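This is the structure I have questions about; it appears just below.
Which chain is which? They are A, B, C, D and E, in the order written, and residues in each are numbered from 1.
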Amino acid sequence: MIGWFGVGCLVFLLVCAIVVARTRDLLAATIVFAAYSLVMAMTWQQLRAPDVAITEAALGAGVTTLLFLLAIARTRRTEDESA
Amino acid sequence: MLSLDLFLRLNYLASIMLFLIGLHTMLTHANLIKKVMGMNIMETGIFLFLVSIGYAHGTLSPIIRQSGPEQGLIYTNPLLAAIVLTGIVIAVSTTAYALSIIIKLYEQCGTLDVDRLEKLRS
Amino acid sequence: MRHLPALLLVVAIAYVLALTLTEAPAFGGLDVPARNEVMRFYLDEELDQAGIPNTVTAIIFDYRAYDTMGEATVLFTAVGAAAAVLAGHAGKLVARPMAATDDVILRIVSRMVIPFVQVFGIYVVVYGHLSPGGGFAGGTILGGSMALYLFVFGPKRTARKIPPAWGEIMEGAAAFWYVLVGLGGVLLGANFLANAAAGVPLGVQGQLFSGGAIWLIGLGVGVKVAATIVNLLVHLAGET
Amino acid sequence: MNATAEVYSLLPALIVLLPIIGAIAGYLVGLRWPTGRDLLCVFTVGITAALTFTFYPAISRGTVIVGSVQILVPLGVTFRLDSLGFLLTSLTAVIWFLATLYSLSYMKGEHGVNRYYAFLMVTFSGAVGTFMAGDLFSFFLFFELMSLPAAVLVIHEETAEAVQAALKYLFMTVAGSLMFFFSMVATFEMAGSVALGGRGLIAEASPVAFLTFAGFVIALGMKAGMVPLHMWLPDAHPVAPSPASALLSGIMIKTGAYGMLRVMYEVFGLEFLQATGWNTVVLVLSVVTILLGSSVAITQYDLKRRLAYSSIGQMGCILLGMGLMSERALTGDVFYFFADAVAKSCLFLCAGVILKTTGKRDIRQFAGLGQRLPVTMVCFAVAALTLMGIPPLNGFVSKWQLSVGAFDAGMPGYALALLASSMLNAVYYLPIVMTAFFDHPTPVEAAAVAAPPTGGGRGTRRWLPEASATMLVPMLVLALGCAVFALSPGNWPLRLSEAAARVLFSK
Amino acid sequence: MDHLAVLLTVIPLSGAFFVPMFGREGDRGYRVALGTVLLTTACAAALLVITGRGQAISYYVGNWAPPWGIEIRVDAFSAFLSFSFSLVYLAVIAYSARDVSHELNPAALRWYWSLMLLLLAGLLGVSSAADLFNLFVFTEIYSLAACGIISVRDRMDSLEAALKYLLLSAVAAGCILLGISLIYMVTGHLNYAHLATALPAAVATSPRTVLAAVALLATGFGLKSALFPLHMWLPDAHSSALSPASAVLSGIAVKAGIIALFRLFASVLSASPAVVRAMPTFLAVLAVGGMIFGALFAMTQTDLKRMLAYSTVVQVGYIYLAFSVLNPVALTGAILHIVNHALLKGMLFLSAGLIIHRTGKRRIADLQGIGREMPLTMIALTIGAMGMVGIPLTNGFVSKWHMVLGSLEAGQPLAAGVILLSSLFSALYYFPLVIAGWFGNPAAPAPARPEAPPSMLWPVLGLGAVSLILGIVPEPVVNVLGEAAKHLLGQ
């Protein structure tokens, strides 16, 4: 087994995924998603795949979160559309 | 049927559950941005599955420390790392393109809700 | 329950995948079918065939370079499609374009941080074949630094620093650079995207310029990914 | 099977190709020079008719003309001309020539004439090709080449009714051709070859074989107007211009019956059908066709619809003759092809003249038409009497052979059906002839006869007030055709029918 | 001259990279695109000549032997498909010179050419891939390019259709990647040939994993090729796209999924019969559902392009049904039908585009009497309709002949019956269109608009001519495909 830290990361990932799915506020979801990507990068480092970890950290946490922020900035922040 | 040694395969289980959560989010949520997030979660789930296939206990990252015979025992599988790397980049480009369509759609019809878009369309 | 069909589909896939779990080889085992002679070949032969310690970069830029060319094309397609969509004339409701922040702290700190981030990015790109990292990660970091500039100083000044037309040309040029290196292999008498087989000098192991064509391609991909990220974000930010 | 001498010649391929070239050339010429196109069309059909007759010396000696063009389509196109094929090909060529001649003046002043002639010629090439086909595949190819352009002839008037009729015709044709396609492929798969002219191809009676037979019966029956599948015929024929409906009724539905003949005798073989008793399917359906077709004809007051239903009745007799499976019945049947083709096309041409000159379609207004259109009504009467089977004319000869054949085949009951058919023919043809000749024309009618005819060609010398010569001559030739062959000793169509029956039965 | 195998994909790729660099002003983008497609067609023709004689080219990229490097395999099957696809592409690019340029602004137009070339590169990559992950990468390229082409048109329904297609193909990509990872988990190989040798052992140890992998791959590629239950995205996507785009999408892009499944099935999965037995019957059931469902919907459509889109769903059902019979003759028919449908559907969509371009009429009801106004376009539409129904002398008939003969030979008269039934259905919704076109009387007096400009007409009529030639003289093509089909089925 990859140790209790690895298992902890996996549980955190599952929780993050569910939180992203459930929250109505997209900005909160984006932030949780950034955390999700970072922990995923850490998991991969645990699984001895550093290249992938760096790329995931940079692309997943970095760029994807930026993209989501830009999209939300230019459209609508919350999921339920009162208008 | 799901025997106890499932705990040994926790990684596989976690990645499959992530894949399913992502798929479920994509299919059930009406908001387009939430769908794209679901897509990302689904794809990272698959990448986790891929990476955990190549891992073996007590192995190091596939940077060759010193050349010699029997390298297979001390490093993880580099091929899967290459595949996941390509996969991540594909996932990001799909996300970027999907978000640009979403922004353009929002400009056209002011809503991100799939059901409202359907009504507007017909 | 409005989403019954979706739920049923998810449950069905869950059941099928759960079945495979019971049979899957144990996690982390050493003699797993996935770790067969193909993997052992990469690890044993790679050092003297590609001449660089980082086997993942060797696979990406040498053994399976064709995949990576395809994947660079996917990046190019994404930029192309996004540009095509956003280039259309604005719809009724013009989404609010990105405004530059007037927060002084952000301006000063970012102006100081950006150069260091870029240096780190270049390091990751160039040292990709020696230590973890490589074209993709480094390119993203470079792109990220430009994104920070965009977020802080707004699309107008970014467009002045990197004109969109230039961005697109860089995009096409970097992608074509990849094909050129491949064709170079053909000109040297070997197959497409050949490295050691085409007689490219592999240099001294562990040195900066070792690995022959690998760091050439790595450089190209680094520039490509950086250009892609900048292009995407500039288009998404909606240059006014 | 006696070794029939086979002569290889590519003439059949030329005969099929000529009208298509004529059609294209005619269309292009017609864009600027209509009369030139008329002459070109008549000339091409005339040449093709003459070419078919050049086979007569070889055919009368009993030799078979074979030819094949390999480059085309998956199996290539093969031709095989025996006495039966020759009789029907020459019949088609002659009647087509007469109809083209007839439509020269009939179509004057109509719209879309250029398109009409082009598709008339393409259909001609299809019909001739179907009769000369050497294997099921070429038969299917020419069958399609004939029936699809015919839809354009049906839709010629472009009225809503014409469009409906053409759509129904097209769908049923496509459905029929798909059934034929399925059976042909099944035969090819079971027997390894689809060549006609040999012994029965399919030997064992497996369920797929029955499916194949059913497919053939449905596809060819539909084209021949067999009852359950005849719905398209009474709509399509009246809507088409008269020369086209003459060809539709006279020749095209005969291809269906001809196909049935080839299938029953050469694909399945005589003993096989008698052993399995599948031919009773054809017999029962043909009797129903005779009764239904003729009885509904009585209730129709539109002349062309009545003629269309009468064609269904006659086709019932032809299919009956096939099902009886005796040599004399087959001889009568082949001769019936000839008699019905000539008579039916003559009737439709007469209907065309009546429509063109007096504009009347409803039979109840035909009182005293005989005075106004004497020649037309005489031809009408002769053709009607032929179909009724009155002794001196062709109809009687074929009906006689058929009933004797029925007795030979030991099924006398079917002879009654033939008798019923003749009587029903009388019931719906005689009133027309009677009112035309013996009733007094209404006052308005009398005035029209006295006054010079309004319509007619500009200044062309008209030796008869009824219609121009190009319309009357074909009618007269066909009417003579009904009569002269029965009386004259040198009745070559009958001799050819006997030869054909002998060949089919000797297999 | 083995480099042709890789050049086949590299030429369109570099063409696509050239467009943003050199094709920036005026119609230089169009000229770059046309030049590239011409070059690709020549390359594909040369490949067809080389592989026509039976031996396949397997090209090791980077001189690495298969299990380590990536192998590209071009045999008669993929060479023939690549050649016909680039032929149709030539016509579509030549056609869209004028039609597209006045509808898109310059920036979007430039990327339109680039995306079209990328789509072609993706398709050619898929048909020549012999490595599982390489197949996945090229599938992603052509899917993303296809979405790009749909969404390039700045209208709400195109954008929405493109997004729906993108999300669904992302799901499909997920399924395919999961399938690939499962197969890699139990065999350790990605190259087709080595997979075939390693699969029997894998099936022995973990049959359920291989079955799950096959199911996921079939679902993924089924969704990409609009197999029945997963075809919901096709009608919206193909009817709202630009006409040349929908011609390419309907005619060619849909086929890439089918080609991938054929190749996967033939070279990899047939090595382990246990897994494979269930798949053909399952595919057959879905195909029949697609044919009936598609035909019913096609009949009730009012918009011309939506009807053509639904007819694509039916034709995809044709090809899968003929494939599921597992008979060499039927497979020849299926491969031929892939090409025939590309030619015919391309022509139908282009002529629909011409009609919309000249008269703006999209609804079938107001197409009455269009034949008088635009006779040449109507001739192309008629040839397309006849081909779809499979009238003799058109190429549709030849492929239908082989499909029916093959399914009868394989002892499945039911499959043959369904194929014939659905070609009757296609008559039900194609013939009224043709009849109305030629013989309908136009409600409004037709404005005296001349026929479409010759520069847009000759590609459409060129496709028609090729279809007729293929219909009249099919022998050489059928022989080449016969060998390829036997080889594909491993007999």
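As a convention for this text, a contact is a pair of C-beta atoms (placed from the backbone, for glycine too) under 8 Å apart; a residue touches a chain by one contact, two chains touch by 3 or more.
Owing to the predicted nature of the structure, the values given are computational and were not obtained by experimental measurement.
Engineer: For subunit A and subunit B, which third chains touch each of them?
Structural biologist: C
Engineer: Taking CA centroids for every chain, report which one is farthest away from subunit A.
Structural biologist: Farthest by centroid: D.
Engineer: When the contacting C-beta pairs are counted for B-C and for A-C, which pair yields the higher total?
Structural biologist: Between the chain pairs B-C and A-C, B-C carries more contacts.
Engineer: Measuring from the mean of all protein Cα atoms shown, which chain centre lies nearest?
Structural biologist: E
Engineer: If you average the CA atoms of subunit B and of subunit C, how many Å lie between those two points?
Structural biologist: So the centroids are 16 Å from each other.
Engineer: Can you give the whole-Å distance between the Cα centres of subunit A and subunit C?
Structural biologist: Computed value for the inter-centroid distance: 19 Å.
Engineer: Rounded to the nearest whole Å, what is the centre-to-centre distance of subunit D and subunit E, using the mean of the C-alpha atoms as each centre?
Structural biologist: That pair's centroid distance is 45 Å.
Engineer: At what distance in angstrom does the C-alpha mean of subunit E lie from that of subunit A?
Structural biologist: 37
Engineer: Out of subunit E, which residues touch more than one other chain, so two or more?
Structural biologist: Subunit E, residues with two or more chain partners: 133, 137, 140, 144, 147-148, 151, 154, 159, 162, 178, 184-185.
Engineer: Residue numbers in subunit A touching 2 or more other chains?
Structural biologist: 1-2, 49-52, 55, 59, 63, 67, 70-71, 74-75
Engineer: Could you check subunit C for residues that touch two or more other chains and list them?
Structural biologist: 17, 19, 22, 24, 28, 32, 34-35, 38-39, 42, 54, 56, 64, 67, 70-71, 74, 77-78, 81, 85, 88, 95, 132, 134, 136, 232, 236, 238, in rising order.
Engineer: Let me make sure I understand the interfaces: which chain pairs count as touching?
Structural biologist: By the stated definition, chains touch in these pairs: A-B, A-C, B-C, B-E, C-E, D-E.
Engineer: Please give the residue numbers of subunit E that touch subunit C in the complex, ascending.
Structural biologist: So the residues of subunit E touching subunit C come out as 2-3, 6, 10, 13-14, 16-21, 24, 59-64, 67-70, 72, 105, 107-108, 111-112, 114-115, 118, 121, 125, 133-134, 137-138, 140-141, 144-145, 147-148, 151-152, 154, 159, 162, 178, 182, 184-189, 202, 205-209, 212, 215-216.
Engineer: Note which residues of subunit A are touching subunit B in the complex, please.
Structural biologist: So the residues of subunit A in touch with subunit B come to 1-2, 6-7, 10, 13-14, 17-18, 20-21, 26, 29-30, 33, 36-37, 40, 43-44, 47-52, 55-56, 59-60, 63-64, 67-68, 70-72, 74-76, 79, 81, 83.
Engineer: Under the touch definition given earlier, write down the residues of subunit E that touch subunit D in their complex.
Structural biologist: 389, 391-393, 397-398, 400-402, 404-405, 408-409, 413, 416-417, 420-421, 423-424, 427-428, 431-432, 435, 439-441, 471-475, 478
Engineer: With touch defined as at the start, can you tell me which subunit C residues reach subunit E in the complex?
Structural biologist: So the residues of subunit C in touch with subunit E come to 16-17, 19-20, 22-25, 32-39, 41-42, 62-67, 69-71, 73-74, 76-78, 80-81, 83-85, 87-89, 165, 168-169, 171-173, 175-176, 179, 182-183, 185-186, 190-195, 197-198.
Engineer: Note which residues of subunit A are touching subunit C in the complex, please.
Structural biologist: Going by the criterion above, the answer is residues 1-2, 49-55, 57-59, 62-63, 66-67, 70-71, 73-75.
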